[in-house]
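Which chain is which? They are A, B, C and D, in the order written, and residues in each are numbered from 1.
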Amino acid sequence: MRRRIGILTSGGDCPGLNAAIRGVARAAYEMFDAEIVGIHDGYRGLIEGDYSEMTRSQFSGILTLGGTILGTSRTPFRNMRVIGDDNVDKVAMMKKTYKGLQLDCLITLGGNGTHKTANLLAQEGLNVIGLPKTIDNDLYGTDFTFGFHTANDIATDVIDRIHSTAASHGRCMCIEIMGNKAGWLTLYSGVAGGADVILIPEIPYDIDKVAEVVKRRAESNKGFTIIAVAEGAMDKDESKLKKKEREARRAAGFSSSAYLAKQLQEKVGVEARSVVPGHIQRGGTPSAYDRVLSTEFGVHAAELIRDGVFGVTVALKGNEITHNPLSEVAGVAKLVPPDHQMITTARDIGISFGD
Amino acid sequence: MRRRIGILTSGGDCPGLNAAIRGVARAAYEMFDAEIVGIHDGYRGLIEGDYSEMTRSQFSGILTLGGTILGTSRTPFRNMRVIGDDNVDKVAMMKKTYKGLQLDCLITLGGNGTHKTANLLAQEGLNVIGLPKTIDNDLYGTDFTFGFHTANDIATDVIDRIHSTAASHGRCMCIEIMGNKAGWLTLYSGVAGGADVILIPEIPYDIDKVAEVVKRRAESNKGFTIIAVAEGAMDKDESKLKKKEREARRAAGFSSSAYLAKQLQEKVGVEARSVVPGHIQRGGTPSAYDRVLSTEFGVHAAELIRDGVFGVTVALKGNEITHNPLSEVAGVAKLVPPDHQMITTARDIGISFGD
Amino acid sequence: MRRRIGILTSGGDCPGLNAAIRGVARAAYEMFDAEIVGIHDGYRGLIEGDYSEMTRSQFSGILTLGGTILGTSRTPFRNMRVIGDDNVDKVAMMKKTYKGLQLDCLITLGGNGTHKTANLLAQEGLNVIGLPKTIDNDLYGTDFTFGFHTANDIATDVIDRIHSTAASHGRCMCIEIMGNKAGWLTLYSGVAGGADVILIPEIPYDIDKVAEVVKRRAESNKGFTIIAVAEGAMDKDESKLKKKEREARRAAGFSSSAYLAKQLQEKVGVEARSVVPGHIQRGGTPSAYDRVLSTEFGVHAAELIRDGVFGVTVALKGNEITHNPLSEVAGVAKLVPPDHQMITTARDIGISFGD
Amino acid sequence: MRRRIGILTSGGDCPGLNAAIRGVARAAYEMFDAEIVGIHDGYRGLIEGDYSEMTRSQFSGILTLGGTILGTSRTPFRNMRVIGDDNVDKVAMMKKTYKGLQLDCLITLGGNGTHKTANLLAQEGLNVIGLPKTIDNDLYGTDFTFGFHTANDIATDVIDRIHSTAASHGRCMCIEIMGNKAGWLTLYSGVAGGADVILIPEIPYDIDKVAEVVKRRAESNKGFTIIAVAEGAMDKDESKLKKKEREARRAAGFSSSAYLAKQLQEKVGVEARSVVPGHIQRGGTPSAYDRVLSTEFGVHAAELIRDGVFGVTVALKGNEITHNPLSEVAGVAKLVPPDHQMITTARDIGISFGD
């Protein structure tokens, strides 16, 4: 039986996307009579009917390639139901493309936003299977998303390099790690990089407690402090004055690390610097771990197609590759629980969370 | 309450040993009044009373350091009970050192052999806690040992580099991955590196089936073949003739990959080469993943000391750091089950296991 | 004959400092009866008499270590002659420390500022030998400074990673490379990373010419553009209005890359993003190239001490390690000549310099 | 004026081949009306008329790619003039292909063997330009060949990793670095990796002198020894007995490092191990340095075509990209002079060459 499969990648790019695409394709070609249609630039391509018929050789040699050969874009879920000035019903358009292409199913690789739209399409009757990618690891129902461990390698390497400068200059270095809502990447790379302070969105910090650590270390024979601070980490006080202040600092170009460095320099009187590695955390070849995980996820998706299981997203639970209903996962963020074992571990070796 | 802790590292060195030692030490110093004694070169130091009192600063800056600051050696378990020419009862010597140092417990970092001796010492009444390190990942009771993922990164990088030569020359490259009994490292790096054939000790291979894959690829427009072969991978036929042949080939300096390359060159008529990365798979700075895992393992050991739990070895189960009785783990190897999900995954994308 | 050698590292830290220190020390210990005094935190330590007597083992194991074991600081040359509120003549203080320590010579590792002060001290009669370190490669008289090639590796790796995101999202990525006055690092990493546009301080750019390249690529099937822009790269127009604008943008937190991204987004209408890898370009273990060069430089300094040659700085000319008079080098910056062969090479493969 | 350019890569693959090919192609397309013909698998393709017409897009995205997109093979120079059983005059065949393709010139990327054949073709009246690639750096007339510095990075990384094991186990590790006749790679990576002993083909060693170093270190508090030994490094004694012995050991599967380890283990009584990283030294993405050099070499070749300069090979002299007559370079190997400055440098820090 011939099966036509549409694949798209949506949201921010992430190491392992191509490895997962290759996993789906190779397993599909091995297991059944597959035809694969590459949808361009995420949901935009599905809305606009922008796609190409793929051939087997296009999936060769992409295991190690960063980014996504299909292109990606951010089409926020909140806009999916909005009929804009152009009077276009995006969901209807997507269904139309799906039907027009005579697809038997659609594979969507993405994070939280992608999964919300995937669930919407499933509710509309399309055969959808999700694959959880994001360097933030904040997708509910899976222990790890692919991309996370590669980003952790990169962020840890950044912290390693910054250690040289921090120690040589006796400075306080504030390294800003990706993650607006979830602190997983900051927590892991902070522990792996030997940070002294880890600040994550889930645990609002007290600047004076952070300043205390910096001061104590500045006065010790160490002299320097390494702070891993998530993009979305926030000061404890939530008073109105602070809120304005926060808005003001963002407007003035202050990221979470720049704000922190400025505060610490003023409060403690040490040299404090901010480093924002930014997009490099999501680029380049996937790590060995992520290539394995992406491949497993992709192959499991193909197995689900073979078995006619749709409306689900692939997941890692313990050591097993399995899947969850899209409806259970869509729109649910997985944040770091403040009593998570790694938080306890970190505290046990003297790492401060600024609380 | 003051607690005196002995630490030793035994068996082959492995990335993450220092990170784990640091984890134990930092958590112990944070949590209670700890004194740490570094036993030199594994059980040899315990037998001979070769050790040094450690200070807090000695555990600083070692998170990223490969190898082990305590030194290591291989003192096979089978010799532990043997009273040699020197008329020395090694177990009695170890107990004597332990008592003489007034230790409250002994932390042993090692693999299967180390754990057998650790269990023996526990049976003799010492307070022992094991930490599972090995790049082979073949320790029963833990999902992963530390060191494994770093070795996987290195082995995968090796396969990546060999791809260049294989593709440019249209060759069959046989890359020998560490693992005499267990094929975990070969399986993972083979999948991560995009190998065409994966040969592991748990699945004896048929040389003709391997030759067939090489031939098919040589005749396709790919032209080259990548084979990840474990040190301990073996030919299917177990006839006497073959056995002698195998002994003969080892004696002639043929490793598993060299033997394989020779066979394939003769059978298929392609250029086949063997690459033996060897010790580089176990050296250098631990990966971000292994630094986290080693730290977690080390900290958990300190928590067990605090809680007075002994006769156990630390373990990862799913996402939880926990522990198993030494008696359950000692002497039990964790091999790759032939129906393991990753084997199925690999087969689903067309990877041959030569069976 | 016993010789007492003072060593200090000054200015921003840089990969290879420890390798060079080790080179000096090992060669000195091998060649003559050496005593080595480590001056702490650059000229600050020399001014304040902050130092420690070193032993041979302290130079072991530091070949691969980033940063500097001696610490560093920035004590601007312009302040050296200024007698501050504390009524301290810094030059006199440094001479006093030198005499008090009974040094036979002083080795100073640093960049342009460091060499100016080194020359000053040489003019005051001290036996000074300079070692040229800087990731900027802007020191006159040497083909390469150590640190530069490691920084080039890191910056190139950053550009590689950003390629993934640029290509996947069809974006214009502006990557800010260190270098306020000299564009060497941007030029090399731009060519190595496959940048489409390279903007350096030595060649003021025309934003409309850059916009044109971005537009042309956005409309081609590539879709994305990679721009390597030096920290100190500047717009061509130097009108007063622009000057205020530039001051205003710096005040508003706009770095050269952020400003560029903003302009291009407005002018071309593409998604443009800025990435500022910052301090990671100067941290971590030196590359193989820089370990060799640092060692050669360090050993040559020891040879100069042996031979009684002072008032010079070590240099690479072609393939030879040699030295220049400090007086010729101090205060002379080596900028990229606009007709440099690499500029021509870059233009020949279609790279735009925005001019 | 239209110009048709044939390109081929010959000999062992090497990082930077694709970067150089891209450099030729991009510059040629930019500078004149170019048509490029890719000759497959080196001179074999030229002999057999195996080639393909290339398009511009085929040179895109290959800057970072290891190996060669054109394929390569080893067709020894000594066979070029031999008319075999097939009664084929290979040189005549190559000329015929060149003429048949109406080429205006032929670019050959390769090492010493490649250049000998290139010179032969030039003498036969073809317009040939050579590009010097080899990880051995043994090509006369150029300071560096591309590929060398990448191989140096890899070999140095190998030595770094082996350091962990050596130090942890107190072993003598003999690391075999590529280079049968020339010791450049062993010398550079030995210095960069902090080797204690460096053995190169140009300086025959005395096993007893090496044993002495190993013994002295084994008895010191270091305990371990790192030896970088070239593939082609040889024992000093050249007596007939030894010669047979050497032949015998090769036949028995002993590489230079395995032989050395065996000897040292017997003579000194330490644990000695051999590591043979092999082909990984020539694979994978080129380093930043080599991407720049390859690009410069490629672009210079295109400039030479534009200017009608043939019968030359591109070269780096000091900081200048230039060229030499093929007739001067062909067949001349560049070995390490025993009084080379780096040898002196290495000796000055106590590295032994076993002499």
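Just so we're on the same page, a residue touches a chain if its C-beta (ideal position, glycine included) is under 8 Å from a C-beta of that chain, and two chains touch if they have at least 3 such contacts.
Worth saying up front: this structure is predicted, and the values here are computed from it rather than measured.
Undergrad: So which chains count as neighbours of both chain A and chain D?
TA: B, C
Undergrad: I need the pair from B-D, A-C or C-D whose contacts repeat those of A-B. Over half of the residue-number contact pairs should coincide.
TA: C-D
Undergrad: At what distance in angstrom does the C-alpha mean of chain D lie from that of chain C?
TA: Spacing between the chain centres: roughly 31 Å.
Undergrad: Could you tell me the distance, in whole angstrom, between the mean C-alpha positions of chain A and chain C?
TA: Centres of chain A and chain C (C-alpha means) sit 34 Å apart.
Undergrad: Distance from the CA centroid of chain B to that of chain C, rounded to the nearest Å?
TA: 42
Undergrad: Could you tell me which residues belong to chain C and also touch two or more other chains?
TA: 157, 160, in rising order.
Undergrad: Let me know each pair of chains that touch one another.
TA: Listed in label order, the chain pairs in contact are A-B, A-C, B-D, C-D.
Undergrad: Mind pulling up the chain A residues that touch chain B in the complex?
TA: By the definition above, chain A touches chain B via 22-23, 26-27, 30-31, 60, 63-64, 143, 149, 152-153, 155-157, 160, 188-189, 191-194, 287-289, 291-292, 295-296, 299-300, 302-303, 317-321, 341-342, 345, 348-350.
Undergrad: What residues on chain B touch chain D, complex-wise?
TA: Those residues of chain B that touch chain D are 9, 12-13, 15, 17, 41, 65-68, 71-73, 154, 157-158, 160-165, 167-170, 173, 252-254, 258, 273, 275-280, 282-284.
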